[in-house]
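Order of writing sets the labels: A, B, C, D and E. Residues in every chain begin at 1.
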């Protein structure tokens, strides 16, 4: 899985049937120190994430293993909202404590 | 999923059986600001996309989860036509408003 | 899917059972203008491709969705022989018209 | 599969149902000589790995083929704790012998 | 599929159940001219490969489609031992003829 930050949304009214009602968020991949990278992915949201949230994303066929994505043509899903990231014993990200 | 722009077509008359009738479009991957990159993928079209459209693409096994691709040997499918892309509260792409 | 050119073959007499009889071709990935890149993949051939052909390749689990690959341990298959590639209204590759 | 080192943890209380109870570890990919790289992946742990362990990770759909991950939306799982890595007849990593 | 060379082994006594008895080899990816690259992958062996062998590897879900890997959490398998690689009509690798 990857750690990313929700930075935007995509709207597509003309889409394939099993994608109807999908909430599509743009997630910027973060480094393990929660710093932004130049890599982005459009994810379907399975956990009620919102703008600015640091999230956990799952790619590939496993992206379909949530109640909201199970028959959808999705290759990336937000599967969790991150509370803390700890590296080498140090908290490098804590929800609500961002600068 | 990725955001891309339809820039061309591929025609292959000699092809594997489950690909018969497939419409194959060349999609140039875009950045999150809807700027072109040097990455391209050939996609099967599931939504009636056309030249110049900004589209949403799905890769991997999930690319088969549309009514037109379900038994086809495809690893990338156009699953939506993008209306708007919003980043950090700003609309960076709007269909019909391209320069 | 990707566009590539058949540039060689791989022979392996000692191989896993479901690969017996497989024709293994080396495919050099091409840019969208049909120019060579430094990326290569070994593909199982499902369409009778030969040396020099520009082909369409499919990767991942979908590579198994042809009559010749369906139970084989293959992650890349040649699924079509390309006749034309058109970009921005211009034909950038046409079979039989190569220099 | 890849070889990596456990360098941290991710906590996400709000997550998709089939991820409840999952232990999420940050794994830094290593070179074949067991040297750190700048690539990281968040893995679900299937073997009781801990901080500092050198581990074997599996990605993609196969990441679900353990008793703890089988219905979970995971794309990367720790499937083993590495004892030794041998390259060209030389032991380049041995558990417990790290500097 | 990819062409690689077996350069080492990984031993992991503490591992997930369906990996018991697995022979794990380190495979260095080769170029199409059979020259070494800096990319490595740990593969389960399905064909009795040994140190120094040039092999054919399969990644992703198809890596499970051999009798020894079918229920295992593996994302890369050695599926053949390469005898010859021919590029542009020239033999660039022949087993037993290495310098």
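Heads up, the rule we're going with is that a residue touches a chain if its C-beta (ideal position, glycine included) is under 8 Å from a C-beta of that chain, and two chains touch if they have at least 3 such contacts.
Everything numeric in this text was worked out from a predicted model, so none of it was measured.
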(message) Strictly by the touch rule at the top, which chains does chain B share as contacts with chain E?
(response) C
(request) Give a one-word verdict, same or different, on whether chain A and chain B use largely identical residue numbers at their interface, taking over half shared as same. (result) different
(message) Quick check for you: after a Cα superposition of chain C on chain D, what is the rotation angle, between 0 and 180°, in steps of 5?
(response) 145
(request) List the centre-to-centre spacing of chain D and chain E in whole Å, with centres computed as mean CA coordinates. (result) 21
(request) Mind checking the centre-to-centre distance between chain B and chain D? Centres are C-alpha means, answer in whole Å. (result) 34
(request) Give the residues of chain C that touch two or more other chains, as numbers and ranges in rising order. (result) 60-61, 63-64
(request) Answer with line, ring, star, complete or other to describe the graph linking chains that touch. (result) ring
(request) Beginning at chain A, go round the ring through chain D first and name each chain as you reach it. (result) A, D, E, C, B
(request) Would you mind writing out the residues of chain B in touch with chain C in their complex? (result) 7-19, 24, 26, 28, 40-44, 51, 60-61, 63-64, 71-76
(request) Provide the residue numbers of chain C that touch chain B in the complex, in ascending order. (result) 1-3, 31-32, 46-48, 56, 58-67, 77, 79-89, 92
